[in-house]
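Same chain, two partners: subunit A is paired with subunit B first, then with subunit C.
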Partner chain A sequence: MADALHPADRARLAVFLTPAYLWLTLAVFLPLSAMLFFSFVTDMPGDVDQWFVTLSNYGEFLRNPTYASLMWKSLKLAFTVTILCILIGYPCALVLAKSVKGRTREALFLMVILPFWSNSLVRIFSWAIVLRGNGVLEKALNAVLPFEVKLKLLFTTDAVVIGLVHSYLPYVILTSYLALQAVSDDLIDAARSMGASSLTILWRILLPLSLPGLLAGAVLVFVPVVGSFMEPRILGGRMGTYYGTVIEDQFVAVYNWPLGAALSFILLAVVLVVLALASPVLRKAKT
Partner chain B sequence: MTLKSVPSLATALVALTAGGAFADEIRVLNWQGYGTDIDWSLAAFAEATGHTVVHEYFNSEQEMLTKLRTNPGAYDVVMINAVFTPQAAEEGLIAPIDTSAIANYSGIPASFAEDEKLNHDGTVYGVPWTWGLTSFAINTQSFDAPPASIEALWDKSYEGRVSIRDDALEAMQIGALATGQDINNITDMEAVTAKLAALMPQLRTFWSSENDWNQYMAAGELDVATYWSGSASRSAGMGLPVAFVVPQEGAIGWLDGLSIPATSTHKEAATQFINWMIGPAFYVKWDADGAPASANAEAAAALPDEAFNKAVLGDPEVVARVHFQDAISDETRAAYLEAWQALKAAQ
Partner chain C sequence: MSRAFLTLSGRVWLGLILVFLYAPIAVMAAMSFNASPFYQLPFEFSTVWYQKMAANSQVLEAALRSVLIACVTTVIATALGTAASIALFRYEFPGKKVLQALLFPPIAIPWLITGTAMLILFFSIGIGRGTPAVILGHVALALPYVIVTVSARLASFDRTLEEAARSMGADTWTVVRRITLPWIAPGVVAGALFAFAVSFDQFVVSYFLSEPGDTTLPVLIYTAIRKGFTPEINAISTLIITLSMAVMFLAARYSKFGGDQ
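Showing the complex of A and B:
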């Protein structure tokens, strides 16, 4: 297609695209390739005199079964969180896009986006205060309910899931909302005039037409949750060891950057494989 | 005696300030908020010697070593955990210290001064400064009497109300103490990991900082948790119902020393600063704000009798139960980390 371009157009194209590519090189390509390089060396160059190129960092993943089991644990966590985000987020988006209008919609929208504006650490610590034994939630429930409730939620896997769902829910709501917004109300009216029930409309019209948005949201949730480390560490207590926390340990606690980098790239590869497996569904959704 | 020492101190000050033209700015590398950077102390030191002190901080021993390697000439005094002193000396990062120039050095007992980690080829590379213990502390409201044994951590009556630090080395050494092994030479790793696996269901969570620990205790989440002696005295000083326990199995001891980087350009001023840091005048005032134990016996003796660092850590009975940490090879460290991660991942 570029052959069809006029030379002047091509020059202009180059001028306009260069900043974008420079930025990509600077912000994505360079740091990632530095990490890729680190993942193949024995020690950090600069820290020690002698270092070699090696595959042992990757071999470590195969040798030590802990990493594979943690990877599986993280994938399961990501599936759970993604499913919950869809189950909660899609109905929210549906209500926002099709049921409420004007001021109400603006107010609800603000509430959806609000968590995005606060620092994620603040959000997680707030959850820790809410979920703690004798914390805000437990006190509130005991004030309302006639019987004594002991929640004991903090430092459990459930607490990690709650924190993650809260953090990533807006992605699903926003992407689904945009897709649902694009579905013409005329289609729904037409279906209704032909006698379709609300469930049929949802199943046959709204869901298929908004599926690309929903899936985009699901991917946006799934990918960061597999590597999450802050929520598990703060809310998970002794249950909070995941693949992401082990990578963080390598960088922060034991200064084994090469192993941390290798584990990160294995995670990247696994995420890509999962997305590749899901790609038939994703492609079908686009057409 | 005191009257006599006043003029001699004055002459010393005059002698020192006479060299005021040579007033140096020395750079100290240490953890933040760890003794060397207290304002009143630096003001007193500057008044006595004319030298000003500037700080730079590290967040881990590895970072400290990296800074020494990559910034030659940038530092004049560095605080090094004795476990890392041999490595720093072997790499030529720190210089031999002329202890005869440090008046307060004579107060340091031989057990610390002759510590093989601080001495290399017959010369002193680190001046013992502070020491402390890693053991555990209890919530005094949950215990009628302090437990005598480390088994308190495994006691089923405190299930779900125990905490340890998320640190591989510390966990393994606690396991070694509980299984009656040498913390510096764990021969039966299986016994240690089995013991720690039994500890896991007891845990409420891991703690990672002193602030964490205090919050969990204040919120009543914990009955018993591993802790550091200096931190325990600070927490108790804040009014928390906390008592530090040195069980019959023993406790893990650490020793921090002050060293002078080989590339320092103000070695004389650095020596004077070390002398001030290990002296009783500084230590007694520092201890009032919560300090670790002093390695200088004269400084420790100058404390009031009720001070934690004199009452508990000054007790020879307690000191006899301390197992001091040796240097740890990278291989051992990696093996500990692997075992610890496997234990955590199994949860």
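Showing the complex of A and C:
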């Protein structure tokens, strides 16, 4: 069947497929190629009469230690957020998949993933309201606790971490839940009937079998967090300079697009390395 | 540890996570009805921020533009995406795996990179910034979601139905219209709602592609937040998040996403 496509079928195939892929080419693949090209020029062609092909944009990353240290800061942030999402989200997925049943489970699952599909900018903004000094969280804590607490959370790294965990937690819960749901209950019952404790079942059966899903979720958190710029801007204040915000600046404030393009491509390279490292596991997660 | 204790602590954990996920949104919604512009307590009910918002023409224009862009994106992405899914499902051809893999980059590459890349290309070929550029970008981001959703629905499609119709003399167009499309309709509706949500909530790509002063709602909100909080922003944000959650709730119902399948 794979080889003998009827000419009429071939025409139909082209008619059905071409518009979608043409669009993706024009709006995703060509732009990425253009950006790669512009990361190797001195000035934006069109803006100036003279421009040269150069490696200096990439050289700038090596010359100025600020960029490397910001990349490191962004990677550390992504690592922290990913670990927290796993520690908080995996137990939650476990409860959803193996402890709650039927319509309750369906409703709870929907409630967990619903915020993830709502506006991320607005959710980050809502944390700015909660965390601000003399804000709701501080008032609530002081009403409950006998001693006075002064939360100085807004415009700190902690605030950025809280906001990002809130934004990306549903990814880990979603992928872990789907993987855990695929683990047959019979397997667990069999282990239990042979005297395995709950901890043994988790460690020897559930965790290994759902690991691809868990890691897929971790990658889905890690990748966007490395490139985040809006969350650090809103919640981080002066502490909120990260690799992503520097790229943003090149395009909207400094207008050094070639440097921005080079910085973006270095970020893309980091992302691709992460995806490549995870791809054997991710491929397993798909099945 | 007894199993009953484990079950109980699991439920408590789940409850705490739901509080963590919804509390800030609830606080924001409550504060949008608070009279104090500095979110001062005690709470005093007022709809003044909603009135101010309704009187702000910039906000209304941005809101209208966001809805318009989301609708156009939904129509285009759903049409192109559904056609592509049907072709990918129906035919076996060399390079099919590659085409399917090409859906991955728009989802997996951080929007910061895709958005700035679009800005660079659109500027150098003369499209520039503005609503057409934003729509170009949004459709590209929404397409993979539509194709994945519709393909998932198609996977459960019984091909013998098509063969039966064909053997009784129906031509391809009739088969698609009378058999295939009705079957995948729930997937298409879900895909369309996903596309709407991707566009309506999209901030990063709109931010780089929209003309200053001629922006979408999320970009307007971002600019306003960076200039300093105002409770009006709070009111718009509350409306937006209610709308997008409603859309996604419908999408989830249609696609039976996450149920016991």
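Assume the second predicted complex is superposed on the first by the 247 of 287 C-alpha atoms of A that agree within 3 Å, B and C clash if a C-alpha of one lies under 4 Å from a C-alpha of the other, contacts with A are read in each partner's own complex, and residues count from 1 in each chain.
We adopt the following convention: contacts are C-beta pairs under 8 Å (C-beta built on N, C-alpha and C of every residue); 3 or more make two chains touch, one makes a residue touch a chain.
From a predicted model like this one, the values you see are computed outputs, not experimental measurements.
Asker: Using the superposition on chain A described above, determine whether A:A218 touches subunit B (first), subunit C (second), both, or neither.
Answerer: In the superposed model, A:A218 contacts neither subunit B nor subunit C.
Asker: Quick check for you: in the superposed arrangement, does A:Y21 touch first (subunit B), second (subunit C), both or neither?
Answerer: second
Asker: First (subunit B), second (subunit C), both or neither: which does A:L30 touch?
Answerer: Only subunit C; A:L30 stays clear of subunit B.
Asker: May I ask you to decide whether A:R238 touches subunit B, subunit C, both, or neither, giving the answer as first, second, both or neither?
Answerer: A:R238 contacts subunit B only, not subunit C.
Asker: For A:K73 in the superposed arrangement: first (subunit B), second (subunit C), both or neither?
Answerer: A:K73 contacts subunit B only, not subunit C.
Asker: For A:R132 in the superposed arrangement: first (subunit B), second (subunit C), both or neither?
Answerer: So A:R132 meets both subunit B and subunit C here.
Asker: Between subunit B and subunit C, point out the one touching more subunit A residues.
Answerer: C
Asker: One more residue to check, A:V160. First (subunit B), second (subunit C), both or neither?
Answerer: Once the two structures are laid over each other on A, A:V160 reaches no partner at all.
Asker: Touch check for A:V246: first (subunit B), second (subunit C), both, or neither?
Answerer: first
Asker: Quick check on the output: what are the common subunit A residues between the subunit B footprint and the subunit C footprint?
Answerer: The overlap between the subunit B and subunit C interfaces on subunit A comprises residues 46, 132.
Asker: Which of the residues in subunit A end up touching subunit C in this complex?
Answerer: 1-2, 5, 9, 12-13, 15-17, 19-21, 23-24, 26-32, 34-35, 38, 44-46, 88-89, 91-92, 94-96, 99-100, 102, 105-106, 108-115, 117-123, 125-130, 132, 135-136, 139, 166, 169-170, 173-174, 177, 198-199, 223-224, 226-230, 233-234, 244, 247-248, 251-252, 257, 260-261, 264, 267-268, 271, 275
Asker: For a test of understanding, state which residues of subunit B touch subunit A in their complex under the given definition.
Answerer: On the subunit B side, the touching residues are 60, 62-63, 66, 69-70, 167-168, 200, 203-206, 219-221, 333, 337-338, 341-342, 344-345, 347.
Asker: What residues of subunit C sit close enough to touch subunit A in their complex?
Answerer: Contact set of subunit C toward subunit A: 1, 3, 6-7, 10-11, 13-14, 17-18, 20-25, 27-28, 31, 39, 41, 76, 80-81, 83-84, 86-88, 91-94, 99, 102-103, 105-106, 108-114, 116-124, 136-137, 139-140, 143, 147, 172, 197, 200-201, 203-204, 207-208, 218, 221-222, 225-226, 229, 233-234, 237, 240-241, 244-245, 248-249, 251-252, 257-260.
Asker: Taking the touch rule as given, give the residues of subunit A at its contact with subunit B in the complex, in rising order.
Answerer: 46-47, 64, 66, 69-70, 73, 132-134, 155, 237-239, 241, 246, 249, 253-255
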